[in-house]
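Look for subunit A in each of the two complexes below; its partner is subunit B in the first and subunit C in the second.
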Partner chain A sequence: MAQPSIVSEAASSAPLAPVEMLVAAPNLTPEEIRAPAHLDFVHSPDNLLEEIQTRQARGAIVLGSPASALSGSPSIIANFTHPILEQGFDLAIGRYSEGRFDGLINKALVYPLTRALYGLQIHYPSALDFSFSSKLADVLTVNAPGSTPLRGPFLSAAVAAGLRICEVNPGFAREAPKEARDLSSLLADALGPLFADMERNASLWQRSRASQPVPQFGAAVELIEPEQPSDVDISKLVDAFARGYKDLFEVWAQVLSPRTLLDLKKLARLAPTDFRFPDESWTRLVYEFALGHRQRLMSREHLLRSLTPLYLAWVASYALEVHEASSDVVDRRLERLCLTFEAGKPYLVSRWRWPDRFNP
Partner chain B sequence: MTGFNKVGSSRDPLWYKDAVIYELHVKAFYDANHDGIGDFPGLLEKLDYLQDLGVTCLWLLPFFPSPLKDDGYDISDYTSVHPSYGTLDDFQAFLNAAHSRDMQVMVELVVNHTSDQHPWFQAARLAPPGSPERNFYVWSDTDRKYRDARIIFTDTEKSNWTWDPDAKAYYWHRFFSHQPDLNYDNPAVLAEIIRVMRFWLDMGVDGLRLDAIPYLVERDGTNCENLPETHVILKQIRAAMDSGFQNRMILAEANQLPSDVRPYFGDSDECHMAFHFPLMPRIFMALRSENRQPIVEIMRQTPEIPEACQWGLFLRNHDELTLEMVNDEERDYMYLAYSADPRMRLNVGIRRRLAPLLDNNPRRIELLNSLLFSFPGTPIIYYGDEIGMGDNIHLGDRNGVRTPMQWSADRNAGFSTAAADQLYSPVIADPVYGYAALNVEAQLEHSSSLLHWTRNMIGLRKLFRVFGRGSMDFLLPSNQKVLAYLRRTPTEQVLCVANLSRFPQPVELDLQAFAGMQPVEMMGYTEFPVIGQQPYPLTLGPYGYFWFELQRPS
Partner chain C sequence: MWDEIQHALNQSAMRVLTGAASILPGLLALVIVLLFSFGAAAFLCWLLRRSLQGIDFDSRMARWGLAGMSNVAPSYSPTQLVMRVVFWSIIGLGFLLGAAALDTPLTTQMVRQTFEFLPNLLAAIALLIAGNLLARFLSRGALIGGVNMNVPYARLLSVGIKWLVLVLAAAMALDHLGIGGKIVDLAFAILFGGIVLALALAVGLGSKDLVSRSLERQTSRVIDEHEEQFRHV
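After this line comes the complex of A and B, so read on.
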């Protein structure tokens, strides 16, 4: 097998030779990508797809996690090249070990929604670290020109093209981005592309039924427990929901069904000690937001940001449920949520196909 | 002069069981004298339309002299006709004309209260405490009696007591403060009410709707509703009717749970009919939630009633769609589902007409009407709903559902030739429900109209006595979106199946008990496969429904 090679763009003035894989790591410098792996480093991930074609590479790796997480980069890179170069997969997505309270937007929204839509148990659909084949690059170039690694519909494109997908434990725990951003922006950034993708791929996701696991590479992931368990105080989360309920109910009423609004009304009456957001209600709510987004019932940005207090309500409920639970219980709890999203999919499909405000 | 056993216009003492009742407001129907207000001569002119529609009994909202602060339910003279609507002679002419068309007529007997302009009240407030005149109403030195009685008109009234400065006392009123309650602990009150009743029965009226009867009697320490003494009074009213008049009917307006309504039938010695209030909102709930459970449950809670008695069924009426007889969660759901705009809400209800509630969807309208016409009871259609009239929520109180009947695209909807600003109410003129397109004339021309459909359904219903007189049993298929029920008499068996969902639904019905029989779809007289031992499969389109006669195969 040819070894991937590193070529410094600054040093080379001669035409670049074909390479095995390229790597884009916006948070690292070429020097930080240490030997023994030799890869071609692409400084700007925005041109990655073009570079793959130009360099006749077999694929590329994108490492978007913070530099501190990527400190063991040679072995990390090897973890990502193996499924593509040696196992013939077209997309290898990072799957991380993390704590029960890490990646909550992914746990609450992105993972269960994507799993229900595309029928694949990809735990981090928006993972910052992944690798992909030139075949997928070609698909994206044709079907989603202008895609960039951090803004492209990689997963849905791979599913649509019937390409092989797997997960990879990159060998490091997931770290939250260092750059502090407000929650509403994070939610909008997480869901906006996902909802937009739903519109583009409606005929694709509406066909899949139950989800399937995908092959795994690397060490088994595990729930990382904190050194010292901390107390959980959800009162601020519940307060934030209560404020949102008061201020945003009329906004929510434009997209949410009477049944969901009634569930929220009941939730608003619960004391923090009894605060439980039923999975079925949450699922329906997320689907109705997706429908509202599609129907442009209001400014999409406004709609997505209005989800914030609802998301905090879910977090409060989840925290109350799992803060003292064993890792098995946490895993089962999240699995139950995913299954609820899958069970609720017919509702999403029917409302998507026949928009009608006279619904339950 | 009271007639001894004066027979009503129908020869059948149980005529109300087969009736199709049409509720209308005289002022809203047709204006014959061009003053902008409907009247009895106008109503008489439209009897042919009503006969053609197929309705068999006309229920007239109050047309008596009144200050009209509650649209006529505040009566100042029980035995006359408000001059805006005509004279007693006009009423008699209308009544005779209705009878000549084999239509019965029901009028209101507002027994619970009068207008504060009624001579009885005017006398009572000036009469000394304890005097016979004073005791026609319910007085107190304080406003603290009967504290457990709820307020019914929550939007406008803060108390059931109001201070009268002339009487120097509080008077009791369960409704508006200008509607003082009559005191049924005073026998003279009942005697007067019976006199009023006899007046109208003598004229030939076939039925009396007793308004607000749960509230006739008050007792401290109770909620002042449905008290035993109320039934003593009703038995006396009924006895007075039966002793002088045959083939008449009393319809109770008792907005209560079914078990609390049951006593109003007595042992066939109180009211002949009673509205089934709790069923109505549950029909809307079931439709919106696409689940039959609310309907099935309330029918399970509905007690058996005497053989000669009958439920009155309705989808909408002149009042708000009342949500008094549902629980808090159901009420919240109904508000969220049917009145997104808070202006649509009034008291504890929703003040909208049938078509707007259903987003003007013809399939939904037909589906709900199919339930109305096939459930056990007598259906009551609200005027204008046969053409899908809209409403105007910007009009105060419940006036938005009491707008002029839309007869044609002519000015004022063909209701009146008066100047538009003289009309008692503006006509509906919006782009969806406006009279220019939505009117009787247009729908008569258009054979696929709601009007034709309603007429056909009424005609179909009248072919089968089972709908008004038969038993009802639910089938409970696993698909909760499907409502299926059997209506039976010894000679007729009908299977009704309704899809409450906006999407097609499959259903398998357990019809083993009818193995060997053949369902014949009623409207097209189409034979369906003979029933076997296996579950009987059916597919229903969005909001689809079937009415099947079960017959021996030909």
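After this line comes the complex of A and C, so read on.
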């Protein structure tokens, strides 16, 4: 197999030959990526949109997962090029096999919220591994200049432009980035761009209705079971919520409605064995945080970080429900949450459009 | 002798009447200026009330954490407080203008000193407002950060930071106004140092277990399996 050439600054002075697609993998070397000859390797994804136009490429692949996850599967590139080059899709987002307690921020917040907003069942809207066409690159260059892969509004831009979107199983299990960061920073990083996107695309997401599945490529995803099942201990999570309830109630009261605060009051009184966070309450809470973010009821950084104890309460409730359940039950549990988000969307829309008419 | 007494009385009466006659136009001007100021203040307050209600000033103040200023006068909303400040400021300005019309050395000096003091007063008010906003921002950040880090004294830390900043802002405002002098400096140093010492003791004593657990984890490299059970990303 021909070694892929590296686009570097030293070589950029000479005109480069057009290629089919570019591959950006910041965690891999060209030798590790093993890309075919008709693809070209770009080390940094920051200038990828410009490179696509310069090289007249039909699209690009971004592989942002850790190197350990990417190195084991030689067919990764093919999995991502096939939907773009041969099936005519404009955005192919990775969908991974993972465990029931993996990617919890995505399960609790990002996936249900994005699905309710944009009407598409994209299981990992913030996936680090995806491919996209030059058409989407052009849309982003015009509508969101300066955006970069891994930081740009790819999904919302594709939905707004009416482009074709699919999911692809890249052929490896999802691994969390090794960078050690605290949970409140992870939540702020996950939700901040999502809420900001809601403001930019308010006219778009208020239109869509019931969500639709998207075409899937690659092997079917499955729930990965742990080698040795272990008991779930949610005591620390419940304690974190109790501490948050005691100290942050005044902060939450600036954002949440009285009804949601009452639900939290009831939740705080539950014993750990009976700890259940109703989906309706969680949905309303997330929507109210989105509204608070938009209305700048407080510093946005403070708002997002104050969600941490509430998120841990959801995790505790979810863990109690699914820790001994079968994979079907886990899937149904998450599907139920997503449907609740979709059912609660009219509440979000009405409060978004008429914020002054809210009367608790 | 009676002639001399009568002459002295006549002269003193003449001086008083002359003095009163010379000051009368100024007094009249003062009264007219005050009446005009009253009318202008009432009109401006009406205009101000409509504008502030139009922009929902009270709820914005509550959002920015400035509603606490109404604790000074609980029966007044922020809009009413602003209106009263504006009203009495215009009346005060009118009084100064009228006092200047009296054209006496005392009133002239008083007016000059008042206008010289005004920029310092405005700067001190701006310092207090900025200090209040900064105190609330920092205290809320400390509270949220402390709760998320499972720090048991998060609320104490938050309150301590808030009062540190408020005390600093108040001392800077008083220093700017030139009020109190060394007494304010000394009181600020004692208060500030006391708050810092109390916080240091609370944090130091309260974090003993946290620090020792953290060190144990680093040296023994034992990972609590429950901490790894939930992967958030």
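Quick note on the criterion: the second predicted complex is superposed on the first by the 335 of 360 C-alpha atoms of A that agree within 3 Å, B and C clash if a C-alpha of one lies under 4 Å from a C-alpha of the other, contacts with A are read in each partner's own complex, and residues count from 1 in each chain.
FYI, contacts are C-beta pairs under 8 Å (C-beta built on N, C-alpha and C of every residue); 3 or more make two chains touch, one makes a residue touch a chain.
Not measured: the values here are computed from a predicted model.
In the superposed model, A:Val251 makes contact with subunit C only, not with subunit B. In the overlay built on the shared chain, the residue A:Leu348 is in contact with neither subunit B nor subunit C.
A simple residue count on subunit A separates subunit B from subunit C, and the partner touching more is C. Touch criterion met: A:Leu262 reaches subunit B, while subunit C stays clear of it.
The contact surfaces that subunit B and subunit C form on subunit A in the two complexes overlap at residues 356. Against subunit A, the residues of subunit C that register as touching in their complex are 56, 63, 137, 140-141, 143-150, 154-155, 225-226, 229-233. The touching residues of subunit A, when paired with subunit B in their complex, are 253, 258-259, 261-262, 265-266, 350, 354, 356-360. Across the complex, subunit B meets subunit A through its residues 288-291, 329, 332-333, 336-337, 340, 358-359, 361, 364, 502-503. Within the complex formed with subunit C, the residues of subunit A that make contact are 99, 101-106, 176-177, 182-184, 186-187, 190, 230, 232-233, 236-237, 239-240, 243-244, 247-248, 251, 254, 296-299, 301-302, 305-306, 308-309, 315, 319, 356.
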